[in-house]
Structure formats: structure tokens, C-alpha cells
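Submitted below is the structure of interest, expressed as C-alpha cells.
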Amino acid sequence: MGIHVNDVKQWLFKTNSRMQEEKAYLTALDQAIGDGDHGINMARGFQEVAIKLEKTAYTDIGSLLQDTGMVLLSKVGGASGPLFGTAFMKAAMVCKGKTEATTADLGAALQEAVNGIKLRGKAEVGSKTMLDVWEPVAQYVQEHAEQLSWSALNDLARLSMEKTKEMEAKKGRAAYLGPRSVGHLDPGSVSTYYLMEALCTTMNRSGEPA
Amino acid sequence: MGIHVNDVKQWLFKTNSRMQEEKAYLTALDQAIGDGDHGINMARGFQEVAIKLEKTAYTDIGSLLQDTGMVLLSKVGGASGPLFGTAFMKAAMVCKGKTEATTADLGAALQEAVNGIKLRGKAEVGSKTMLDVWEPVAQYVQEHAEQLSWSALNDLARLSMEKTKEMEAKKGRAAYLGPRSVGHLDPGSVSTYYLMEALCTTMNRSGEPA
Amino acid sequence: MKKLVNHPEAVVREMLEGMVLAHPHIVKQVEGTTVLVRTHAPIQGKVGLVSGGGSGHEPSHAGFVGTGMLDGAVAGEVFTSPTPDQVLEAIKAVNGGKGVLLIIKNYSGDLMNFEMAGELAEAEGIPVRKVIVNDDVAVEDSLYTTGRRGIAGTIFVHKIAGALAESGASLEEVERVANKVIQQVRSMGMALTPCTIPAAGTPGFSIGENEMEIGMGIHGEPGIERIAIAPADDVATTLVNHVLEDMKLTSGDRVAVLINGLGGTPLMELYIVNRKVAALLQDQGIQIHDTYVGEYMTSLEMAGCSVTLLKLDDELTELLDAPAQTIAWKKERRNPSGDTRE
Amino acid sequence: MKKLVNHPEAVVREMLEGMVLAHPHIVKQVEGTTVLVRTHAPIQGKVGLVSGGGSGHEPSHAGFVGTGMLDGAVAGEVFTSPTPDQVLEAIKAVNGGKGVLLIIKNYSGDLMNFEMAGELAEAEGIPVRKVIVNDDVAVEDSLYTTGRRGIAGTIFVHKIAGALAESGASLEEVERVANKVIQQVRSMGMALTPCTIPAAGTPGFSIGENEMEIGMGIHGEPGIERIAIAPADDVATTLVNHVLEDMKLTSGDRVAVLINGLGGTPLMELYIVNRKVAALLQDQGIQIHDTYVGEYMTSLEMAGCSVTLLKLDDELTELLDAPAQTIAWKKERRNPSGDTRE
């Protein structure tokens, strides 16, 4: 069962809806251990992505993801802008020319995204950043490309996000808090979870993820 | 029954105590229709007067009042400083050279004080200023110099003070409020009442004013 | 009360010490007083300019002492006019033989204390003139009451009279130009939050969470109306309209604009206000010669702003643009040949 | 939320418009961007200096654009680093053929966005160097984490690198001196009250009525301790001690001092803090070359302050004292012969 360019579009529309819904929550998370703008940033960025996708017809997943990355890069700002932007632009290269992608393509694209985030942000897994969701998700998709369970992927994404609560931040603004960052979810991991959740919901045509 | 220089000293010590006790109340009154410093100003000024009088021996009421006026003039500031300062300095001239003053002297001194306040502040009776206590008190003392009842004088002073509540301010900071100044006591009239009350208490040796 | 202070009663003394320590090349303290004067005061052969008032309006007035503006500033207790002896000290310290001009904001207390000081100085043989600034159109101008308050427009009087004095003009000339500015300058303010006199410890008044006060004075004196919180553009429009109504400017007139912050309002918001003020003036064909945005006449930590317009003619323009080197108003001696004019 | 704004989402755009309207002789806006550059940018034959970051720190950074300081400033959303495309616009607009130096405050977001812009500019053939300011000693300096934040000390980098660039120095030279300042500058801040991002509508955190936060960052990032409200002298002592502990100054060293207000704290209190800071430095035999007191790097309407020390040598002294004509830092071209030095 392939991932059609229209699925990708739906995924990003759904992501935008989630970001709008969770704008205040993400901002509150960032108020606790950052500077309180993450929800505002994500909502602004994905709003612009939705506007761009709405008015453009795509047959190429690559160019859809490239546009998404460019919009995020130029509309989000902060730490999350270049990271989400880079992630999508790196993923775009893998999907270049494809109207329909396989789960193996998805795995490769996610891995490229992870590489981009690491190169740009210099964080490692365990630094309490969005990487703590991106990386396990990318790995899981690559390992289970043959028989991908979207609801299992969704669970994994949520679990990874929840795990950031107990981590001590080493990168990003929360790092200034040192040990006091423990006990709070990482805002960027939560927004990354919404992105992955939207992907799973879109692809899991049988309904909501468990 | 004359007013001895030591009575005058006691009067001003008592006035100082009252100003310290009522510092917050006077300030609150001034917060309502002014800038909220009247209690602070009066407490600072009379504190300095008390310090000055404590360390100086006086035989001349004139020089005691002159010193009081000078201290008030240089320590109070605002509108009340020059007015109270002028009042005491004008009163001092009448009492020059006297170790004991008559109630007639007191009447003349108060009248001089009133003249000074009017000249300096250009207010009239009814402008909702301290003059609305000073002037009736001065008048009453002059009219009843022969047989002055301190408790009656005290009542008159309090009544005059209370009357300012219904007046519309024409001078001082409360004048900016126009009709909205009605319904509030004039802070300077209240502090002037404390001054007069302290005088009556000091002189009314039979006890507290009724 | 959340303030960076030590003893609430010592704030003025400690602030003045901190100022002199920060800017010893601009100001010095007259010993034993609350008077700051230019480091090299008195300047011989120059009319001395003295202003002052209660503290809590920083940088007014000591922040405007220096070449091209004031010679001395007298600081009273917070929101309390300074006493005559202090003003007298300032007059004596800046008298360079050509007399002294007192720039007084129109409040009963300031008037009386400065007047008494002026009388004492004249008795000592120093020629003294005084001008009274009353730019606040929120207050009705009436002969029978106290009249209008002096607020942020006072800074333009300092600047322009200061520039003329610097050129060696006579006391009468400096007094004349100061009065000309006073005739041509109008302001109005508003507040979002109250402020707390340190020694009082509690706010002098309160403004509801969804309210603002239009026409607020710089000591928290009530304004003309308490309204629901409105967008910055509406606030700017209200203030400008009140000022224009009083000034009756016509298309082609030239003005200087001052968007003054009251202490707690960030520069970001002042610029948002300026955006609308500039648009409103442009709409009426009024030319903006120059705009000043920032804190000039504050009210402790009060949030809010005032808008001041000064109608310019050639004389006022030249003096406004003249050099000044003070703590809070710096203007180059000559326009640089480089890429900036100011 | 008590703010003089219109649409919370439009504050940055409207603020920039208000700034350009107020100071058209100093700054202009690069069309369609949130970039302000000098009115006459690009200056041919001069290294271009670009700084920027999230908005809400006014007058940083656009207030320091002008002769002798920055060439361009990029404004992000409130507390949000600007995006690479905007930074790129700034680089292009100020490139006068000698390359561009990016002055970046050390935050993940700023670093990444400015870096990407730099890469894009280099791909277009513009030589770009970057320096990273990390003066905040409240944060542990560690290789394994994000490292120190950049706060008010950034202004000294603007000033000194700006002065050298103005003299026609090469990109490498300007980069060198900027890094020298970064080596020698240390700051620490504290806050009494929180601040509210307009689009968020509620304060980012809270501080108890009787508490203050020591080491607070300029975006409300938590500091090192939450303590009971203390007198200004104690606060000054804590901040200075932390800074000195890190700088290890010795008697005879010369410094510039910056007492920076965070937005809601009145000048009166900043001067009271300076009084103690100056005394502490004098106690240690440290010479104060010059002191700056006011709002340079704010945090919306937050109440609080930071103390910055810059250790000076002859080169830095001369560049610090050099002329500048910007909105928020004005320094005469030449010391006047009159009665003031500054």
C-alpha cells in the first residue's frame, strides 16, 4: 500500500489542524522550560504550509515536501524553523520525482530528515529535543518497512515523546535549566509527535490510531 | 491663661506624633484625589521639626515658630511645604520676643498665617484646600479671644475639615479632577485639622477635646 | 512592591549618587543638596537654565543637564516638588553672571517652591525669570483653577531654550523663546497601569484589568475618562485628536513629535503608537520635522504613553536641531557628512 | 494583557513601520522584509555588520543601526529568531563589497538561522563571517550543552566592531575585534516580574509577589535561583560577584559598565543599582572608564536589570569611545571643547 502524493498533502493538512488545536498547549510547554513561543511558531508555520499546499497542484512528493520545508524555514524561525525546514527539505530529495512512495522510501526519507536535524542542530538522541521522536520513528519505519503498522508507529512516536519528560536537556533553550528541565515534556518532541500522529492517522485508513 | 513657649513645643511634638500615626491615612486621602504623597510629606517634615525642637532651648515663641517654618519649608516640599512653612514663619513675626502669648496673640498669629497661605497659594476659602480649615480657625480664635473654648475650637476645626468633602477643588492637584473631587476629604485640610487638634489637646489641660 | 531599591526614603539620594557615578563628565552634585549641575558649572557669560520637580520622572530633569540644554536640575522627593532652599542652591550654582531662567511645570507645589527660591535669589542679586509649562490638554485651561499641568512637552522647552542660552543670548531672549515653545506645545497622556511611590509602598490608584485611563497625569492624577482597553491605533487617535483640537494646526504646518513612554511601556509599543500618530498627521497634511520616541518624562513604572506635538517655525526648528550633549538627549555638533542626519 | 498593540500577530511589522517613520534619516526598511538597514546602505568599501534576533528586546537591534555601529538588523517574531531568508536579505542589503559580519547571540535558533543565511550568502559570492556572543555567566559554559546565552554584552560587540568597520578595516580584522570583545565581556541579569509575548497573551512564567529570579535570561529563561526580594545593593552585589568570579579582574584593570534595564524597571532603580556596582568595583581597585545606564537589551515589559562588564585595553577603549549615530547610541564625532566629554 503506497503513500500517494495526495496522502502526503492530507497528512500535512491534518498536521496543520493539530498545530492550530494545540497552539496554546505547545506554547504552555515551552513557557515551562523555554521561551513560550513554540506553539505560536508551529501554528504560524503550518498555517502557511497549508495555504501553499492548497493553492498548488502536486504530482511529485519531492516538490511537495521541498515546498513544505521552504515554507517552514521561512515562516517558523526560532530553533524549530530551521530544523523542521531542513528535515522536510532533506526528505524531499529522497522522494524526488515520485508520485507514490513506498514505506521503504518513507524510511529513507525520515532517515535523511534525521541526518539533517543532527547536522544542523548538533544534538544527539537523549538531549531532550525533537530528535528524540524523529530518530526512533525513522528507525522503526526502516526496520518495519515490509509490514508497517501505522498504529504501532503512532504508539512508538507517542512513547518517545513521553520519554522526553524524564530527560535532562542538553540542547536548545531548556538546556539552560540543566537538571530542572527534568519532569517537563520537550515542546519540539510534542509537536513532532503531532506530525507523526497525523501521518499515522492519514495512512491508517481503517480509522484512528489505537 | 497664657500660651507658654513650652506649650508651643508640646503642641508641635504632639502634632508630629499625629502626623506619624496618620501618615498612611493622609497618603491614602491624597492617593484618591492627588498624587499620594501628603502623609509622607507631613510625616517627614514634622519629624524634622521635632528633631530641631528637641535639641534647641527656646524662650521666644517667635524663634521657635520661625525655626518650625524654616524646617517645614526645607523638608516638606510639594504644595504643603511652602504653605505650612509660610504659615509658621508669618505667625512667628507676631510672636517675636514673647515667652508667653495670649489668645489674642494666637488669633493675630493665625490671621497672619492665613494671609501668608493666601498670598502664596492664591486660593480662596471654598477652593477645597487647607485654607478651609486655617481660615475658620483663625477667625474663631480672633472672635473668641476673650473666652476661648479649646474643645469648641477643636470641634470647629474638625467640622471645617469635614466640610471639604463636599467641595469641588479649585486649587491644588485635586482641581484637575473638577467635579470628581467632590466626595473626598482634602488631605491638606485633614493634616491642618491634626495640627489644630494637637493645639487644642495641648491647651485644654482638662483632658482630651470632646 | 517590586522595586530595586534599598531604603524607600533614600531613593532620591541614592539615585543621584548613581547618576553622578555613571556620568561624571556631564553632571556633578552640588554638595549636600539634591541638585545636579553641569560638571563645569557655572558657565560664565551664559544664562543659566534650571528645572526640576519631584523625582520619579527620570530621565527628567537631571538627564537633560549638559551642553545645549539645562545647567542644573533640582530633584524633590518622589512626586514632591523640591524645596526653595534646594532650588536656590541650583540657581547659585549655575549663575554665570547673566541671570537664571527657571523652567517650572505648572503644579501648585512646583510654582510655590520655585517662586520662593527665585525671590531669595533676587534678594541675593541674581536676576531670575521663570516660565511655566502647561502643555497637558487633558486638563481644562482655566483662569479660576490651577490650569493645565506641565508634562512631557517640558523637554522641548529645555531643548530650545537651552540651545538659545548656549549661543550667549540674554535672559530676556531665552525667556521669550521658552514662552514661545510653551505657546506652541501640547501633549496628552494615557495609562494602562498605576505606579507606586517607594515610600508609600502601595499603588497610588488602580486601573481595572480591562481598563485604561485617558488623560492621566504624570503623578497618577486622574485623566478625563476611564475606558475599556482599546487597540493602540485607537489610543493614538484619541490622544492626537485631543491635541489637534486644541492646537488647531492646518495643512502645511510643521511639527516635532514626541512619543513619550511613562516607564513601564516597552519601546516596541511606543513605536506602534508612533506608526499611527505619523499616519494621522500625514492625513492632515501636517509635516513631521522630527520624531522622538522613548522615555523622556516618566511616572515611575507606570505603563502608558503621552503624545506631544510642537508646532515649529524657523527659529524653533534651528534651536531644536542644535547640538546637545546630555545624558538623555544627545545631538551632534554638526550634521555628519556620512550616512545619517541625526 | 495590558499592551499598546493592535493585532498581537502584527506587532513586529507595525513596530518596524513606526521606527522607520520616526527615524527616516537613520534607518530604512528593506522592502517586504523585517530588515532595517542604514538609510544609505550599502556603504561601499566597508564591511557590513548584521545582527538581529527575536523581537521584544528593543532598542536591540535596529536601534543600533547607523554610523559607527550596525549596518542592518533583522527582526524575528517576538522572542523567535528570524528566518534565514530574512537574514539573507539583510546580508545582501548591506554588502558593500568587503563582506559581512554576522553578530549572533548564542541561542540554538539564532545560530541555525544565521548560519543557514550565511551559507546562502556565500553561495551567492558574498564573504560572510560570524561571531557568537555568549556573555551570560548565569549559564554554565559547557561544550556538551548549548553553552552561555548572549545578552546585553552584545551591544558592546556592535559598538566596537562597528567602530572598526567604520574605519575601513577588513572583514578578518572586524571579526577579530568582535571576538576580542566577546572574550572580555560578561553579564548577568535578574528579574522581578515576568513578561507576556503578545501572541501568547499570558505571562511566560510567574514570580511570587515576594520573590525575584537571579540569572534570568532575556526571553524569560529561568535563572540560577529564585530568592526572596532583596535590597538593590544585595542584588547588585550578587550580579557583580558572579561576573567578577568569571572574569577574574585584578586591581588596576579598566572596564566599561552597562546597567541594562529589562523594560519595566525605571531609570531611577537602574541608577540605584549603578551606585552599588560602582562602589563594588572601586573597592576592588577596578577603574571604570565609562558607564551606560538605560535600556539596551530588554525583555518586553519585564522588570529587572542586568550588569555587564567589559574589560578594556587601549584598542577597545578607543573603539568604544568612537563616534556613533544610531537611534539608541549617539556619540559625538569629536569630543566637544565645551563642558562635557560625552
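Letters A, B, C and D name the chains as they come in the text, with residue numbers starting at 1 for each one.
Heads up, the rule we're going with is that a contact is a pair of C-beta atoms (placed from the backbone, for glycine too) under 8 Å apart; a residue touches a chain by one contact, two chains touch by 3 or more.
Computed from a predicted structure; not experimentally measured.
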Graph separation of chain B and chain C (steps between touching chains): 1
Rounded Å distance between chain A and chain B, as computed from the means of their C-alpha atoms: 75
Length of the line joining the C-alpha centres of chain B and chain D, rounded to whole Å: 54
Centre distance in Å when chain A and chain D are each reduced to the mean of their C-alpha atoms: 33
Of all residues in chain B, the ones touching two or more other chains: none
Where chain D touches two or more other chains at once, by residue number: none
Chain contact topology (line, ring, star, complete or other): line
Interchain contacts, given as pairs of chains that touch: A-D, B-C, C-D
Residue ranges of chain D touching chain C (in the complex, touch as defined): 2-6, 11, 14-19, 21-23, 25-26, 38-41, 43, 55-56, 58-59, 63, 66-67, 192-193, 209, 212, 229, 231-233, 235, 257, 259, 263-275, 278, 288, 291-293, 295, 298, 300-301, 303-305, 323, 325-326, 330-334, 336, 338-342
Sites on chain A touched by chain D in the complex: 27, 31-37, 40-41, 44, 73-83, 120-121, 169-173, 175-178, 180
Chain D residues within the chain A interface of the complex: 9, 54, 76-86, 107-109, 112-113, 116, 139-140, 144-146, 149, 197, 199-200, 204-205, 217, 219-222
